[in-house]
Amino acid sequence: MVKNNKNQIKRSMLAMILPIRALAKRGLAGWLVLIGAAITAAIVIMTLFSPVIVPHDPTQINVRPPPGNPSPPSSQFPLGTDDVGRDMLSRVIAGGGVMLQVAIVSVLACVAIGVPLGLFSSHTGGLVDKFVSLIMDSIYAFPGLILAIAIALVLGRGVVNMALSITVVYIPSYFRVIRSQVLSIKELPYVEAANAAGARKRTVLLRYILPNVLPSIVVVATVNFADAILTAAGLTFIGMGVPPNVADWGWDLSNGQKLLASGSWWVITFSGIMIILLALGFSLMGEGLSELLNPRLEKEGE
Amino acid sequence: MRSAKAISRVVIAVVLIVVILIVGVVGYYLASPPATVKETLLMGTTDSVESCLDPARAYDFFGFEIIQSLGSPLVEYKPGATGAASDIQPALANTWSSSSDGLTWTFNLRQGVFYDDGSEFTADSVKYTFDRGIQIADPDGAWVGIGIDGIINSVEVVSKYVVKFNLKIPFAAFLSLIAGQECYIVDPKYAPKAGDAWSVNDVVVYQDGNPRGSNPMGLGPYTLANWTRVAGKDTAMRLEANPRYWGNSSGLPKTKTIVVNFYTSGSGLALAMTAGDVDIAFRQLATTDINNMKTNANLKVWEAAGPFIQYLCMQQKNAPFNNVNIRKAVAAAINRTALVQTVFQGDAQPLYSMIPTGMMGNTNAFQSVGDPNYTLTQELLGAEGYSESNKFTFTLWYETSGHYPQSQQQALVLQDSLQKSGLITVNLEGRDWAAYRTARQEEIMPAYILGWYPDYIDPDDYIQPFVSSTGGSWIHHNYASTQMDQLVEQARSSTDATARANLYTQINNLMVQDVPIIPLYMGNQFAVSKTNVQGIYLDITQNWRNWLVYAQG
Amino acid sequence: MTLRTYIISRILLTIPMIFILLTTVFVVMRVLPGDPVLLHFEKSENLEAMNRLRVALGLDQPLWLQYVNYIFGLFRGDLGKSMQDFSPVAQQVFSAFPATLELAIYSMIIAGVLGVILGVVASKSYNKPKDHIIRVFGIVTYAIPVFFLGMLFQLGFGVGLHWLPVGNRFDMSLSPPAGLNIGNLHLATGLYTIDSILEGNMFKFVTSFKYLLLPSLTLGLVLCGVFIRLTRSNMFETLRLDFVTAAKARGLKDSTVTYGYALRNAFLPVLTMMGLQFAMLLGGAVLTETTFSWPGLGSYLIARINFRDYTAIQGTVVVFGILVSIVSLIVDILYAYLDPRIRL
């Protein structure tokens, strides 16, 4: 019945507002999460609806016919056009899709690989642990973007390959955080008790250790998202991303860089701001969550 | 009341003063020394010597550019040349002649020319240069790349000032070849040979702190006073007038010192030119920067049709491009005007023949296929069974590391114009230059864009390397036609200018029939300078003549 | 475990790490599509000549042999000859290194100084608006892609205001700073700022700073967030310790307390954090160098990757790897010295 539906909607909306209010009460950290989530949600929604809201086809060249491209923001093209006459407003609206896809895939893959690896290695201990840690440290010590570029060069272009290269680079981060968490939890009395009582390794892992490690995973994941966005932008910037007719903010930065000296600032500026906003959204969430879920982590300066 | 006399005295005085003033001012200007030519010119570029300054190996644009300032050839091209035989003028050779069968060329050399150590330039120097070039056979070098040892059989010293070339085949473009930078005469003292067997190790490479030892040239308008490289890139270079240059009597070089400033990006160079940090900017400026500078009253933009062309290749060993109708359909759907307008903002010209405009042999052949002609495209594709619901789809490859100008934009425009036919879908695939080269080698690209700088200025260099089955093997597009091969051979060995022109028309027509390759555009060359700079000649030879450039005041 | 044992074991661990790095680079480069020999033959392809070149570059040998030669060469300190221009890689790498070093040093200084100052200010107004703004600032600067920030600076200070140059390392019309030259004594570091002082040329000193400012500011800003966070939390803890309260009670000025006592505690962690950030710094330097046309190791690497110049790329990565390893080694040893628990 209609009335029930209305009440249900009201209730679910209230349910949404409650956590928001709860978060807002937690001070700066709470606000950081809220604002970060809001920014991210806005961009995601804009990207999802982009096919509908773009004024022009973002991949169509010469929407504004030559000569005179790139042209500055005008009433007809609010954010201007790039050097092949594509509408920048459409490209800004539609340009986040690839990056979001890459980020989501890579984060999921990282969690799926890095978390079990970290749990297993630290729980097993001994030589296995030392060996895996060694490999992880080697990867971690390597400048991330350079490694991602190297892997992308080998694998080739495309969303999946970009995600893969970012995944390889970020697994060590999860690994290290989880490992250090597990090592400290291992010492706790009730875990030792469980072990002494003869509980199977897997039970100990899943029932005791994993729940304690979850908050850290969430925090690392949000930071991972932000880094994945930036790395994806970097990869596309150097041409290792998606084909050039795809709308992507990284491409706009790459194209716009050559136009800077002649004063065509509008090609890189708006897309660059969008990249910053998206990465910022996740970073803010990560900062806030980090403080809320695990106050200890913040002081370690990780 | 003043008397009339007093007034007239005043008037006379005033007139006298005015006259004196005028005479003084005019005299001052007349007596000022005439505007002098500046001693030093600063040139900015993004180029860098890629291999070395040894003509036996050098094969990059900038290397050649500097070799030209440091050495001299037997013959050279006049400024403003279009590639005709009449554009060749004497340099180290005064007169020359060829035998009727075209297999022997004899040159009478200029006398009284000396190297910087005092030894004289003679026929021996010429023989030494060519023997060395052929013997060194640097796999990486111009001599091998151009195939000079396939053309020249031997070089004979007839007398002190007469040298004879014996050729393996009659080669119509021989003078063109001799005028090229790879054939510049070296200084035996600095160009080593090791016993009887010369090798790649005898190539003269960059030596830190020793500019004279870093180049085997001599006899040119300039000497290399300073050359430094860091991490494989040039950081400083200074050319100073050669006191023993054979052209000194004509007042050359006009500018005594040329300092080269190296910039790592086109935008950096553009900024420097706009700020007045350099007198001349040459290579490589982006189209948008050049267009901005055209409207700048403090700068002069020099522009000329260049010999650089780009064209579309298709893999003809398998489907779909082994079918001439499909090749023709694609050729018909190309909009060169859109390409030139969108990507180059008019700083390039549509090209309808592989031979560039202005050179003998150029015709508008491909215009008859379409520019664009979507009706023809639809007809041909329709006959092959394609339709709106079943479009002809292929992947167009292009290179991404800036080896050619604005490749990505070109690909986007081509994609757009082909898709506008309604029956074609184009996917784009970009690779950096190294991977692109490998892909070409492995013949995995259905359609790909390439570019071409000539090795010598002759229509043969725009035909034989592309449509001859032997000469065109490096393109790996697997086109072979006996008829075409015959025409090409005849054209390159014929000594009659009219007959040659005729043959090239036939070749153009055959190309429109077979569509082995599709010419796209011909690039313009640009240089930018301050308004007081003169003497820049941009022509089809791509010769940068430092010795003719000067700035007033 | 004694400190000495820890140091030895740590050094021993570094060797396999570098080894893994070298092998990875070797494999990646060989797997990459693209052949340096091909790139020497632009237009005409002369099979005989190509083979000659392939042999000359050592690329005709089986992969494992190439690998062995590569490793042995490294032990001898021979980085090989570039496959692009046949010049010794070692000479090219070491001539490009000072530029990157100078950029890295100044970026780190800016990041550290800026981070510490902001961190101190933030800690003094804990949880108040000033604190929040500074914390968000740190997050925002980290979220900006370094090349984008660089371009914004170029746009603003270079093209817009014409205050600072937007590319290269030094004014083209001047000769670069040559360092100390007295009689037979030649002392040059390759760092233009220092060499111009050694040369006694203040104009060159100012010029080199003008060119250094934007790139190091870009990189420094992006990196400072970490230092802000670190200093802030350290200061916050320290300021609550007894000896600080005691000092305040004795009437010492607030600034003396802050900078004299508390900051000294934060100093060492910041230094060690710099070491930990070193890898990030090198990665960021590569992007910054390409954005600003800064002629350092990063630009060199990118240029050589385009040409598949195996030896040059391997050489550069090896140098990077060894640098990062040495720095992290020093940092770890320092940590172990300060905190005995880590040695376990």
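Labels for the chains are A, B and C, by order of writing; each one numbers its residues from 1.
As a convention for this text, contacts are C-beta pairs under 8 Å (C-beta built on N, C-alpha and C of every residue); 3 or more make two chains touch, one makes a residue touch a chain.
Computed from a prediction, not measured in an experiment: that's the story for all the values here.
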Applying the document's contact definition, name the chain pair with more C-beta pairs in contact, B-C or A-B. B-C
When you take the mean of every protein CA atom shown, which chain's own CA mean is nearest to it? C
Measure off the straight-line distance from the CA centroid of subunit A to the CA centroid of subunit C, and report it in whole Å. 25
Would you mind pulling out the distance in Å between where the CA atoms of subunit B average out and where those of subunit C do? 40
So, in whole Å, the Cα centroid of subunit A is separated from that of subunit B by 48
Shared-contact residues (touching 2 or more other chains) in subunit A: 257, 260-261, 263
Going by residue number, subunit C touches two or more other chains at 32, 159, 166
Multi-chain contact sites of subunit B, meaning residues that touch two or more partners: 267-268, 271, 401, 432
Residues of subunit A touching subunit C in their complex? 27-28, 32, 134-135, 137-138, 140-146, 150-151, 153-154, 226, 230, 233-234, 237, 253, 256-257, 260-261, 263, 265, 268-269, 272, 275-276, 279-280, 283-284, 287, 298-299, 301
So in the complex, which bits of subunit C are touching subunit A? 13, 16-17, 20-21, 25, 28, 31-32, 127, 131-132, 135-136, 139-140, 142-145, 147-148, 151-152, 154-155, 159, 166, 226, 229-230, 233-234, 237, 269, 273, 279-280, 282-284, 286-287, 291, 305, 320-321, 324-325, 328
In the complex, subunit A touches subunit B at residues 60-62, 66-67, 69-70, 83-85, 157, 239, 243-245, 255, 257-264
Residues of subunit B defined as touching subunit A within the complex: 266-268, 270-271, 286, 288-289, 291-292, 338, 341-343, 345-346, 400-401, 408-409, 411-413, 415-416, 427-430, 432
Enumerate the contact residues on subunit C facing subunit B in the complex. 32-36, 38-46, 48-50, 52-53, 56, 82, 84-87, 91-93, 95-96, 158-159, 162, 166-168, 172-173, 175-176, 293, 295, 297, 299-300, 303-304, 306-308, 312
